[in-house]
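Each of the next two complexes has chain A plus one other chain: chain B in the first, chain C in the second.
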Partner chain A sequence: MARTRNSSARRLFANIRYHGFGIVVGLLFLAPLVWSVLVSFKPSVEARQPPLPPWPVDGFSVQSYDNLAQYGSGIWTYTGNSLMVSAATVVASVIVSLFAGYGFSRFRFPFKNALFVLIISTVMIPFQSILTPLFLILTKLGLQNTLTGIVLVYVTLQLPFSIFMMRNAFDAVPKEIEDAARVDGASVLRVLYRIMLPLVLPGVVTVAIFAFLASWNEFLAALILLTDQNKYTLPVLMAAVRSGQFGTIDWGAVQSGVTLMMAPCLALFLLLQRYYIRGLTAGAVK
Partner chain B sequence: MTVTSPEKAKIELRDVRKSFGAVNIIHGLDLSIEGGEFVVFVGPSGCGKSTLLRMIAGLEDVTSGDIFIAGRDVTELDPAKRGIAMVFQSYALYPHMSVRENLAFGLEMAKTPAEEIERQVQGAAQILKIGPLLERRPGQLSGGQRQRVAIGRAIVRKPLAFLFDEPLSNLDAELRVSMRIEIARLHRELGNTMIYVTHDQTEAMTLADRIVVLRDGRIEQVGTPREVYEDPSNLFVAGFIGSPRMNIVDAIYAGDGRIKIADTVMALGQNFAGVAAGDGIKLGIRPEHLNVAQSSSTALRAKVDFAEYLGSTRYLYCYLPSGETITVEQRDGRDLSSGEEIFLRCDPERLRLFSTGGDRLRSANTAGMPTA
Partner chain C sequence: MTSLQQPTGAQPVRRRNNRSRRNQLAGLLFVAPALILVLIFFVIPLGMAFWMSLHNWPLLGKPRFIWFDNYSRLLQDAQFWISLRFTVYYTVIVTIAIFAVAFPLALYAERSRPLTKLYRTAFFLPVVVGFGSASLLWAWLLDVDSGLFSYVFAYSGLTEKRINLLADFDTTFWSIVVMVVWKTAGFNMIILLTGLQGISTEVQEAARMDGASSWQRFRRITLPLMRRTIALALILSVSGSMLAFDQFYIIADGGPQNRTVTAVYWIFSQSFMSFRLGYGAALSMVLLVILVIISVVQLRLLRNPEGM
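What follows is the complex of A and B.
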């Protein structure tokens, strides 16, 4: 009797410790996000004050969002640019890496491994060092200062990881499943679409999330390759907001921009995390 | 209702070869399989059984040679157009589809009308007793159920021939026996040509109309289970078929139908062709043909190394004076313990003689007669 009470008390304690630790870590990670969101809802004047307490004392206000919306060509232009660039990067990365990963996983061709290593090794080149050549190439192609140009750059930067990811995802699908589909009469494309795609979906989602986050948040290339103000993406706009107008920095606007920028990232992550975690661990077991 | 195939397809391989890069895996193989026949491929690991089966299925290119199914040259044809269905060792079910969708996929690809698909699926589900599982995913099935679904997926396509690549090797022993019987029943009911690859001696012996013994991409022997077991055409087949293995003992042909093992002389009662007195030979004796006997000058002296009790029978692992090991199946008599000296006798009829090169030596009067 005493024994069981003792052990259940111990289990309770372990539970408390486990969840307590989780809560503390969770709070640590959430604090800056919550702080940004709260400040973004302070009236402009209050947002400029020392940050304690972090929540709005003079009532909630969307003044900062209004201020942000007035910037440059208007916030919707920039949000639209960012969304377009990110969506295009995601779609292009997924399509290219899907086929490339399938090819690397399933076909035999000369120099396959050398080519794969070559693609992966491009990760080691810091992309800042090739910005100038990239700029020149895009200019030659007439794509400098266009969203298409920046999408091409992002896709290129995303591809090594994406192809690696998709090759692993395809490698994890037993070859016999594909053979069975071929015996069942499915063509190569149909095997890819009906059989393989659903099985590598976690990999696709992972590739998509990474492509989205990278292109949504990317700053340097966008700053350098986009010179026209109304082509700016959100990170470039944010830098402009952050550096202030007429000598003052509107912290409320900065925080509302931060909130605006992180909203889709969080939403996407929460929506897709189930697949995302499976994608990263694919092939780890069995 | 039953699902029966329209015709019994003959399968023919003519000088079929396969190489992966510079490595030759299948070396010019000829084989003719009758319509409706159940043929089992056996052979050591890596001998090319799967490769051969996949070539027949069309999943692997043929380096040279021709494959005919039902009189049609299918060498260059897509797997789906060959009229075959294949069951894989790992089942290879589509994990994201329900059992029903798994069964229907092939028919869907063939643009079969929906009500016909439904009829086929129901028919297969009935034969394999998987009706209640139709809405489940493969992940929610047991190994045996998955294997049934895999077989069902093969049945619904109404193939001319079924190809099985070690379909039961992932199942536990008990399930293997019951699935084996089901496959035999399936063959009886459908009557299709079936080719079946296995490592399992019992599966091979019980299922096969004919067994094809392969080694290193070559056919060593083709014959009924009885033929390959009782009349192996070479030392390899003799040693490969049967469990425990046939004992192979060095001996000398003493001429006049007599052989000499160590210091024991045995009369075989018949002459052998292709061997001269004084030649070394290999003697094959199955463990069940050896009897523990009284001391006698015509019996083999052996020493028991250890004894295994299996309930219905006992195996004695013994040493001959030459140091060779010999396995004896002992069905009656007293228990023997390790270290005991025993004498072994064998009906000369049961002995199989091989040249030192491994070829079968046959009786001079019937030489070459009972071959496969």
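What follows is the complex of A and C.
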């Protein structure tokens, strides 16, 4: 009797310790995110003070968002730029890697393995070291300072991951499935679109999530390749605000910008967590 | 990344006919868009970067071929060496710090109890926000007037009055280390977690039966069996940190006194603020070689079971 009580007390203690750790550490990781969102809803004067308590004392206010909206050519321009760049990067990455993954998985052609290794091994080369020539090439192509130019760069940077993912996705589909369709006389593109696409859809979702997060958040290339203020994406704009290019730093407005930048990433992750983690671990288990 | 060999290789020989030639063409067409992109936006720029590094290349005006002058100049560039040394220092410290946090988190999150998934998600959330957003967030938390830390330090009596944490090298450096650990620990936790989950429970159970303590099990079973996973997390952390830029640019602006200017930051400022494109390209080539060496060495460790 005494022993069972003792062991159940010990189990209770172990449980408290386990969940206590989880809650405390979990809150530590969440705190900065929550803090930033909360301060963005304080009135400007209050947002200038140290953020204790973290929540707005004088009631919620969207003043910081109003101030954010005033910067440069208006926040909608920059949000629009960011959305267009991300959407285009997602669509182009998916299409290019879907084709390439299918090609590398299912076809035989000269230098196939060498070309695959060439594409994949570009991850070893830091893109930061080729930004100057990229700048010159985009200028030559008339794409410097255009959203199209930066999308092409982002798609290229995503290719090793995207193609690796998609080739593995196609490799996992049994050959017999498409052979049967081919015998029925369906064209290659039709087989890819009608039969293969639904089967590799999880891979497509993973590629899309990573393409979105990378292009939405990318800073250095955008900072260099987009010199016209109207073309700035959100991270470039907000860094300019932080550096004081638009006058005294309004921290409330900066944090409302941070909230605006974080929101789609957090939402996307929480909705599609499974696909995101799959992408992360794809490299780890190989 | 390690299994580059084609597992589904050879097709039956009997298919070698017209259809197979058409298939070859189809295959090439399918991979063509990717190849063209990689060629124009990666391979050619890479060659150009080397070519430019042999020139005095102003933004406007004619480039002048100067052989390896840029390289001999960078040997005497004090700021380049300061930046490189700082970047290596940062990489070592931040990598250790990330592992010190991520490993316990992975061990913790491996257990499956109610709510574990929820905690894991909380640890992971900062990973999905960008480095730009995270830097802007922490720039505010670190601000002397409107931020959290200097206020809390002064209020708790840790410092006499509110101090500007970004005015001193050490406080700037450690603040950024804390921020990066916060931002990336969850990522490394997930990588390490996949390694932990690959270890069969029977092995652990057998060791427990034999009376091995939990430390012994960790040291003798968990760590050796996770060698590859650890090496992968190391590669990603080291190469990522060697290329750090956003947080030092946004939070510290390279300061105080240019002491937190990282290697990429120095390349950026030479190429796009001083517009010495040729010199910037030479700096880039040096960084590139360093990173490729790091990757190759670490990949060797990853492949070779005796390597660690």
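One rule holds for everything that comes next: the second predicted complex is superposed on the first by the 240 of 286 C-alpha atoms of A that agree within 3 Å, B and C clash if a C-alpha of one lies under 4 Å from a C-alpha of the other, contacts with A are read in each partner's own complex, and residues count from 1 in each chain.
Criterion: a residue touches a chain if its C-beta (ideal position, glycine included) is under 8 Å from a C-beta of that chain, and two chains touch if they have at least 3 such contacts.
Here the structure is a predicted model, which is why all the values come from computation and not from measurement.
Colleague: Under the stated touch criterion, which partner chain does A:Ile195 make contact with: chain B (first), chain C (second), both, or neither?
Modeller: first
Colleague: Of the partners chain B and chain C, which touch A:Gln144 in the superposed model: first, second, both, neither?
Modeller: A:Gln144: touches no partner chain.
Colleague: On the A-aligned overlay, A:Gly185 touches which partner chain: chain B = first, chain C = second, or both, or neither?
Modeller: first
Colleague: Who contacts more of chain A, chain B or chain C?
Modeller: The larger set of chain A residues in touch belongs to C.
Colleague: Output check: A:Leu33 vs chain B and chain C. Expected answer is one of first, second, both, neither. What do you get?
Modeller: In the superposition, A:Leu33 contacts chain C only.
Colleague: Touch check for A:Glu176: first (chain B), second (chain C), both, or neither?
Modeller: first
Colleague: Name the contact category of A:Ser129: first (chain B only), second (chain C only), both, or neither.
Modeller: second
Colleague: So chain A touches chain B in one structure and chain C in the other; where do those two contact lists coincide?
Modeller: The answer is that chain A has no such residue.
Colleague: Contact residues on chain A for chain B in the complex?
Modeller: Checking each residue of chain A against chain B gives 174, 176-177, 179-186, 190, 194-195, 198-199.
Colleague: In the complex, go through chain B and note every residue touching chain A.
Modeller: Residue list for chain B touching chain A: 54, 57-59, 78-81, 84-86, 88-90, 92-96, 105-106, 109-110, 153, 157.
Colleague: What does chain C use to touch chain A in their complex?
Modeller: Residues of chain C touching chain A: 1-8, 11, 20, 23-31, 33-35, 37-38, 40-46, 48-49, 52, 105, 108, 111, 113, 115-116, 118-119, 121-123, 125-126, 128-133, 136-141, 143, 145-148, 150-152, 182, 185-187, 190-191, 194-195, 198, 229, 232, 239, 243, 245-246, 249-250, 253, 264, 267-268, 271-272, 277, 280-281, 284-285, 287-288, 291-292, 295-296.
Colleague: Would you pull the chain A residues touching chain C in the complex into a rising list?
Modeller: 18-19, 21-23, 25-30, 32-33, 35-36, 39, 47-52, 95-97, 99-100, 102-110, 112-113, 115-120, 122-126, 128-137, 152-153, 155-156, 159, 163-164, 171, 175, 188, 213, 216-220, 224, 235, 238-239, 242-243, 249, 251, 254-255, 257-258, 261-262, 265-266, 268-270, 273, 276-277, 280-281, 283-286
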